[in-house]
């Protein structure tokens, strides 16, 4: 591990973000049509390595179905507006149209409404009925309370997500904290858990028996964790470290734990770079919030923006650009890279000679030392 | 120490600023309520590791009291307007409302009024009467003249502060220069002295018998020392070097000298990063000048901006954002990180698994090699 | 090769762009008049190491002739508008005047018209008739279909160009993919082929028997390959790696393969830096699109901007600055560096003491670690 | 020398600019009054290490006198307007008021007027009569023609300056090129010669017998050599390399050759940093062009901007800020650092504990790896 001494006796590793790296073409090229973008986790197979972020502006029951039909998977926030209100559509419309300085206060009111088990159950069933994989997220401190509801509703994939989630949460209070190490193994449903951003943290989350872990702390576009808290490892390094933990865990247990990189993906190129660093799939928020079908109507932020005492995120206006299908599969009509994510990933793999995501994970990257070096 | 050769035979160390680093979560997390933010220096214990900067726009006797009640400590500038005028409020109002190009000249007039011992005495007593720790600052070249006044007034904590303060000031003139090595030991009051920004300078300041040293040269938001003079070490490296000096001094003498990092703190994340680098507390200026109670009424600058021949600082308009209490303890209503400094520090520590400031000092940091790597 | 570990067990090389480097003067200087800018490839000798990019906005049959007369060489895009329309001038005028958001769709319509063998033949003959070297480009997937036409028309120099071209294109489909290793050797016409951006890719392209290879992936000003696909090596490193491949190939075969650097050249200084890195000549697009004679009338983009599903480039408005002669030979009337490319290259060589391009290839460069270091 | 491989087998040194470094305070401080800013070259002693650049907008005979009286030295351009016109004042006024796009052409007309020996003679005498050191510059290719005139007029200090000047100019033409190695030794007048920017180039210039060399290629604010030609080493590295050459030359010959750093100095801090890197004095252009007395009337550019075929510089509007005396000695009324250059240098030295320029040359610097690290 390359380290520098930031002062006498205090060392620090150099950590890189996705914008610091670029993929090097190999000596082969391929036809884009020959490239396979699929991945599998537990019993599920997906055509695209794209997981839609459990944010109220991104995933509704309807978009979860649509995303599933398109080969991706949408994770419904099981503590969000769909779990609190019978019909949250008017509220989502209201948030999107509020002036920026009044959003925070209104969000706090909206999220004051209690979560309701029946609504969670109904939302999960609505997604399942359509035949796609039903995935939903809960926060670590409510997962014990809600787990019975979600398993009864036959959720397919459970996401336990917080800014930072560790396998060893320490508390002086009562009740006992959630012990992920025993909790995850007790469940029948495969679990994705995170975020995390170090080798040790990733390794211990893997040891809980999770099927996948979310890698990335504070890297999303709508997040300001890095600025407000000073906490977070840039994503390229976080993913590569988690990949090393995955190799050790695989060696120790024979179990391959999937890495879902989470944070600020805009283009297919961003996704390709995350996979080269070691990710199996990526969690996408803002880029999908720009879909015509997105419940946020062109804006989104999520619950961190509604934190009562220390918001770490804001409503971001992403506009309403194109259908979900076009964001994923094109055609694009400009060169922003924000449309046709799958096509760009496919073409990047073809140009670099990689036929599958597992091959792409072994591709070579370069680090670009300066802004101008990008030319 | 990592060095580069900037030219044949001329080496230089690499030096890092707080914006160059980020904190890595450990494999544990904690409950925010279990985190302890307190620190102690000499006989005093503070709930928060925040020392308000001795600038006329930040600390008045009234805000010193308020800050003390809130668990922080405000240092009154004992050569500032409160030591020169019976009622400086109209002057502070005038400065805040002057056009930028006329501030410098007016400040020079205002600071031409002599410092008055009776006023210093009265201000200190006013703060003491309220029951909080009374802290005041003087510059190195006036400390001998004012020391009797301040000790008689029973000041609790004396800050001796200049752009750069060394334990070995050399002069050809008369009278003899202040010899901090003998001077500090003669005093009954605990002393904080600085700024400094190297291992050797810090070590020698520690050897004067100071209770704490101020670390940082020209790093504040209202300072332009780096541009005008070319002098200064970025703060992460300066703190880490001073931490190494503290360890050596502790080993040699058994005395733990506190490090107060000084320079441009905006968010709780900035504070957390300074503590990870080795600081015990931080000196905050601009961020507190934005308090409703701040004497500067939304603008501040301090005496360096009034230097007659070479101003190194300017009036900065920071606005009037929130009460002191809300700046320190929230709630925040946006994600700027500028409100709820204590809450952000507490949460950063909880997410990273650290229960006390001493634990946080041992946390891991990463260096982010480029702007874009911050994503 | 200097490597960093971006995460545990995942290494990456540092890669530099042309803006990251600067040329160091040697201990000698020369007269600009004594500097020789010529280079040779196959049987052809050119006064200037400048190859105009096969883009419809840059090279028409008329500008190819003009460029040849001026000592450079213009490569006509044999799948562009000149190969599809008897008179494309009105279309070029229309594109230049369309609002930006309608260019993409219109380009797709325009390029839907089939390529016509007779037109290709006539364009090549028109250029040959004038006595200059006739160079034309085709894409890898159409080269087999068009090769008979272009050889019959006695093209002098064939450019086979794509975003990334490899010597080992893999396909599952029918028909068999183009095998450059056998194809290039079968041709009588010397071939330039690329782009490529690694040692291995360059080496294998050299082994096809090509006279020259194009080095650079996604580095041009009108390209967005890096953003959209995440793929590409910065140019200084790409050229230097290809130079190492050239040395090995020369050692193995005795054949010197020329390197044509491709990507974003603006000034004679950019060209000089590419040659110091190892290039024999450079391919210039945008800088020549600004010629009064340029067919794009001050705007250009090329066919990547017209890709139906994933455009990777946009129309760039470069203005109409000066005649081709003045862009190449001056006089310049400002210090932008965009006029008098040959004069600047000549003067850079003179100041640094190099009499020929081969000497310049051995010059010393420095890497500038930061933006500000550029001062 | 720290090197990186920019590509396989192609190495490059890292080179730093003045903005990349900052001075580290030592463990001592001093009184500003005790600091000595003087330096000596040949028989001359100057109060300030500031040499005004031989540009028509900066130095006239009158400002040369004024600068000398203030302790600095002004170098008159002996091929500039004062050597071509009896009364150039109206021309300087005209240039200052022309619109930017017409300056180049008009400058070319103005400099078409021949240089006149009598004018050179009269200007030198006018400066000498006032009792200050008379310094004047000529370009390498005219120095032989003009040398008799300038020595007869008893010039005190001859500056031979070009973009890059080497001790080994190679030419195929007639007449024989200037051989600095024999030429400089033949002269009675001490010579400053440059620019140069490498160890070898500096060493060979020192071996000509020059009293001082100018270090820096294309670093000035009004220069665009780096952009247009791609040539130049950043100043901190160029100075430090030349300092190593000075040490070797001193060891070999016993002669101490002075280094005059040239390029873009704005503040006393910039000057202090150049001296820490090894300079004995600095050449200042733009910063002095802003004097009320400056002949350029708030704008300047020099002859490179008037180059007929490849201008490498432009007229820069620097405004008319203050008297020469105030630029050099203050008082400053803002914190831009552009006024009171001597005061800032003096104070930087005092804060860092250095009593003389020779002591300052040994000070410690740090390298700031990133933009943000500057905080």
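Letters A, B, C and D mark the chains as written, and numbering starts fresh at 1 in each.
We adopt the following convention: a residue touches a chain if its C-beta (ideal position, glycine included) is under 8 Å from a C-beta of that chain, and two chains touch if they have at least 3 such contacts.
Remember, it's a predicted structure, so these values are computed and weren't measured experimentally.
Novice: For the two copies subunit D and subunit C, is the contact made of the same residues on each side, with over half of the numbers shared, or of different residues?
Specialist: Different: fewer than half of the residue numbers at the subunit C-subunit D interface appear in both copies.
Novice: Superimpose the Cα atoms of subunit A on the matching ones in subunit C and note the rotation angle, 0 to 180, in steps of 5 degrees.
Specialist: 90
Novice: If you take the mean of the Cα atoms for each chain, which one ends up farthest from subunit B?
Specialist: Farthest chain from subunit B, going by C-alpha centroids: C.
Novice: Suppose each chain is reduced to the average of its Cα coordinates; what separation in Å results between subunit C and subunit D?
Specialist: Computed value for the inter-centroid distance: 40 Å.
Novice: What is the distance in Å between the mean C-alpha positions of subunit B and subunit C?
Specialist: Centres of subunit B and subunit C (C-alpha means) sit 56 Å apart.
Novice: Which subunit D residues reach two or more other chains?
Specialist: 14, 16, 20, 237, 367-371
Novice: Pull out all the chain pairs that touch, please.
Specialist: All chain pairs meeting the touch criterion are A-B, A-C, B-D, C-D.
Novice: Along subunit B, where are the residues that touch subunit A in the complex?
Specialist: 1-2, 14, 16, 20-31, 33-34, 199, 236-244, 247, 267-273, 276-278, 330-337, 340, 343-344, 347-348, 351-353, 355, 364-375
Novice: Can you list the residues on subunit A that touch subunit B in the complex?
Specialist: 4-10, 12-20, 104-105, 163-173, 177, 196-198, 200-201, 203-204, 217, 219, 224, 226-235, 237, 263-264, 305, 308-314, 367-371
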